[in-house]
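Some structures are shown below for you to check.
Each of the two complexes below includes chain A, the first together with chain B, the second together with chain C.
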Partner chain A sequence: MTLRFLTVRFIAVILTGWCAAAQAEITIVIDKSGKGGVPIAVVPFEWRGSGAPPHQVADIIESNLSRSGRFDAIPREDFLNTPHERSQVKFTDWKLLKAEGLVVGRVVQTGNDFQVEFELFEVFTGKSMVGLRYNVRANQMRKIAHQISDVIYEALTGQPGAFDTRIAYVTVETNSVGSRTFYLEVSDSDGFGSRKILKSTEPIMSPAWSPDGSQLAYVSFEERRSKIYLQRLSDGQRTKLAEYGGLNSAPAWSPDGRRLAMALSHEGNPEIYVLDVASRQLTRLTRDRGIDTEPAWSPDGQHIVFTSGRSGRPQIYRMASNGGNPQRITFQGNYNARASYAPDGERLTLITNQGGGFHTAVYFINSRSLQVLTKTLVDESPTFAPNGAMILYATKSRGRGVLAAMSADGRVRQILKVQQGDVREPAWSPLNRKL
Partner chain B sequence: MNRVRGVKLTSRSVVFALAVHGLILLLLGLSIDWKSDSIPMAANQAAPVQAQAIAAADLDKELKKIKDREYEKIKKQQDEEKKLKELKEEQEREKKKLADLEKKAREAEAQRVIEEQQRKENEAKQLALAKEKEKKEQTEAEKKRKEDEAKKKRLAEQKKKEEEAKRLAEEKKREAAEKEKQRLAELKRQEDLKRQQAERELQDRLEDERNERLATSTFTNQYVAAIQQKVSSNWIRPPGAQQGLTALVAVRVTPAGDVLSARVVRGSGDPIFDRSVINAVLKASPLPFPQDPKFYEFLREFNLDFRPDHLVS
Partner chain C sequence: MQKVKLSILMILMIGVTLAGCKSKAVEEGVAVDEQSIGDGSGGAGSVGLGGDEGALGQALPGDIDPLSQRVIYFEYDSTAIDADSQAIVEAHAAYLNNNYQINVVLEGHADERGTREYNLALGEGRSKAVSTMMQALGIGPERIQTISYGEERPSALGSDEASWSLNRRVEILYSN
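The block that comes next holds the complex of A and B.
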């Protein structure tokens, strides 16, 4: 953990009477903050059961909190003791480690089920902030660990956590003779617990979660040309949604889940259309000689942003979701593409190239400022977590495509441990319903 | 006052009158003792009867003469008797008159006595009334006099008192003025002294400060900046917090720099932000602190004003 402290600037010290210092009124201004996360100690949970526990709940929690960028987990080797409940906690020990939060808990096996309990303490006040107990089966334990992470995250940040969510992405496996297999996969938000929901020898692209999280729209070339499909996650049932002539690409759900924006080229060059899912009625929104693609809805459904080459280079434009005159909103850099909204509606994440490669960036709509978050060369497909606190994107690591998660301020970045293949085109699900 | 015939009737004169009447009555009784039956009395001085030779004619004449004489005598006697009776009556009348007079006199006297008494009583009464009136008047006069006197006295006293009070007030005023004058004089004297002393002290202090300023600036540069840096480095500003949040924290420390208390005196309104600044101070404990107790006096209590300049820097 490297903390970078900016030079502390001495703003104002008011001294009233150096000699008569009894009631001297001194105010020291603190205008800089440390760049670390909130120090937190997650003590390994006590295990009461036979054999090894199905999952290391504390590890999942610690990893989640660290990855969010909001927390710095205190290394376990520094712990002076390992309490599992309040009566065992010596707060002075944790103060010494400067932990602001302390998580303790245990997992108790009861037949085939497990009882998972935890408690979160505020170290400097000794106050219990939250404590819960769950009864789960083995295959629910990861989910519970994510839920506990969400509870802790919200208690300490005041904002909802988004760990108990899923991500969808495409992996490509290339065998020894060079033939490729494409998979559409869904996993936990930390990249674990993945399962393949589609396999194809032809490319799969642009997975998009329906707002209720029950189905995915994506582009598949399985019939040799691009078509847009819907697939229900619960039973894998698929529906072909768009197979217009030419390019069928970049599906994007409206917030109400009744329409999809997409880029179609059956009327010439790619333009933005909106397709009503129930009626299959198609509405064309753009009419331009340049390429228009990669639409995304604002959270309130009022606007659609998209990538357009009408100015010569790809830039982000915004228009009303029922059409109208698009306005260019990005001007920094010669390439800005693949924009999508944060849940607050005030930020976009996009890929920008300002001469040094394709980086993930955040564009602040109100201030019209662009903040570049990565230094990697070839980022693609950034997507906000449903709480707006993190961004998931694809990038290259040692020539291989990987998924990376980072805090929305770019402070903490972590490559997700997706086991094999070349990974691309991630999409973060909406918030899950609780167990 | 009744007066009878100009004689003043006294009891003595009445007795005298009675005595006179009694004597008269006695003499009359002796001389007219004719009714007694021929008792020869030596005192009977009438001529003696001569009887013998008186002719008839002569007798008659004589007889007649005798008779006439007898008659005369009787008549005379009768007149006498009548006269006596009249006298007696007169006497009686006189007596009665006298008695009346006497009675009247007595009554008059009684009346007079009564009247005299009444008069005396009246006079006494009048006198008493007069006396009483006089007394009353005197009492009232006395009373009035006393009242007047008292009033006068009172007024005099009041006036005296007022004058005394006035005098005292004036005296006090004069004294106060005197005192104030003295006080001001003393004050001025003291102020002059103080000023002189202050001037001296100022000179001394300027001297000292010149010497100390280096130490002070070193101190502020070193320790305040060190405190600032340590707190800053321990402050994890919540990334999700709204921009422009600030919080003022009052800090109390031990001479060793250990944070005794950190209290939000002006919160940001965001509990997460406020918690972050409190945790920053507590985590920064112990603060970098000078050993010199003089510096502790200077820094035992101070404020930390958390005001991040930018979300992204």
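The block that comes next holds the complex of A and C.
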């Protein structure tokens, strides 16, 4: 098989109007690891340049693949040699290590730019599965490492990767006299490269990505009560979307990006409404005496699931997205809330209490079965990766709010924490458009 | 960028101003309250339950005044106001009935358990339960503002029942 290197000219995504780069990076701690993934060897990339390379591309790739739960990285100390291109690879060595996939590559400095190339081999056959070359600037290298991770993930699993995506979350800093500052932040999917995009002395909640990834809707208390805002990521421009009397909460984008479902209480107790973004026309969908909140659209836009207290305790209900009679769909446990769909439309991730605390769970809609994935007690805000392979959620570790990234089967888990303060309310972006 | 900074500054300033107003108003409110209770005027008559407590516990006079308590606590996932708390609400309603120039803000809160958006709704349910009771006691709805902060502004930071029970609350705040 002849190898063809494809040259991809990388175009910078310019994010102006953002607040300064974050002072506090997120640190990652492996909380739970498990064998059972595809064994893969990621060889440290060769570096041809002056000084140290801007980023260790192979480290980022290996960390991503491991985090997904689909791969087990073979320890580097076991490697018999460190090839950087096809001519240097002895497949028998990698067969000995039981590697099924092998990734090699190099980073070459060319003036101010860098050429990053990699190749993925199937060890058993010795065939090249994919090889690509990119020309990038130093500040694009992390993004390219995520893109390479996506290419490898898709080549080996047949499903799209979701490493080259972003997450939004809220951080809270408490100063020495106890007053708190809230930030809305956006980072790479692994928590690196964070940017603060909003600062407030009042709470910020419920960030939600528009389906094209260009905007966030969220709830801010900056005017002393909950109102829903839209913020464009490119230039930071903000629009106030909902400031009805009472609660303005839980914004959720329709898959076509034209409407947002939300929970409002200006006509009594919290009910589910749909607001058309362009016309600002508001349609009420629910009508009952219990709390209705936390709407989420099915990927095909046909249904909305939401949390309702109409039966006495919070449970998940589903209705047509244009209204109609809601059907209760969760019956196991005395508290099921904040459901959101996987991209396959067949699974929901939600928070459940079966009597022992508030855990992250996956509900299989067709089989009506609930799989509890965690043992932590105060989990919140679970969100599927846009490829459905991982779940990000908020929990507490030693009294501090942290994020946890978990394979969708709960087998592999990492904790993401900020250096000081709490982090909460994660939301995973849609898949990035391919370059 | 400039705009963002400016609005942040404004938020900060508004926050500081409001915080200042709030605590001042509350302090003044409580100070005046004690006098109005002492007057034994009509509305304050419903503070009879305070006498009950005194008989039971023989507490110091300052401690039995329900008007000195401006926080109503709730059970888990509940918006029900228990008998002790009803006495507190009645005392505040009486005070408001005697002080027409003063309005009230009812700030609902929840503990950290469960989801944030549901807790925001729960906090609203609690503030509205107090509002409904105050309205039944003769306070015009135009004088009552309800706000929910859900679990976003805990008063105790622990993850235990002692902290949770302090966080499931409605704070009664006076404004002019």
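The rule is simple: the second predicted complex is superposed on the first by the 395 of 435 C-alpha atoms of A that agree within 3 Å, B and C clash if a C-alpha of one lies under 4 Å from a C-alpha of the other, contacts with A are read in each partner's own complex, and residues count from 1 in each chain.
Here is the rule we go by: contacts are C-beta pairs under 8 Å (C-beta built on N, C-alpha and C of every residue); 3 or more make two chains touch, one makes a residue touch a chain.
Source: prediction; values computed, not measured.
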For A:Leu233, is the partner it touches chain B (first), chain C (second), both, or none of the two (neither)?
-> neither
Which of the two partners, first being chain B and second being chain C, lies in contact with A:Ala263: first, second, both, or neither?
-> second
Could you say whether A:Glu425 touches chain B, chain C, both of them, or neither, answering first, second, both or neither?
-> second
In the overlay, answer first, second, both or neither for which of chain B and chain C A:Arg70 touches.
-> first
Considering only touches as defined above, state whether A:Met390 meets chain B (first), chain C (second), both or neither.
-> neither
Pick one for A:Ala250: touches chain B only (first), chain C only (second), both, or neither.
-> second
Residues of chain A contacting chain B in one complex and chain C in the other = 19
Would you pull the chain A residues touching chain C in the complex into a rising list?
-> 16-17, 19, 198-203, 205-206, 221-226, 236, 238, 246-247, 249-250, 263, 265, 269-270, 291, 293-294, 307, 309, 313-314, 335, 337-338, 351, 353, 358, 377-378, 380-381, 396, 399, 424-425
Considering the complex alone, what residue numbers of chain B touch chain A?
-> 205, 209, 212, 216, 220-221, 224-225, 227-229, 231-240, 248, 270-272, 275-280, 282-283, 294, 297-299, 301-309, 311-313
Where on chain A is chain B touching in the complex?
-> 3, 5-6, 8, 10, 13, 15, 18-19, 21-34, 36-39, 69-70, 95, 98, 100, 122, 124, 156-159, 371, 389, 407-409, 411
Would you mind writing out the residues of chain C in touch with chain A in their complex?
-> 1, 3-4, 7-8, 11-12, 14-15, 18, 77, 112-118, 120-122, 124-125, 128, 146-150, 152-153, 157-159
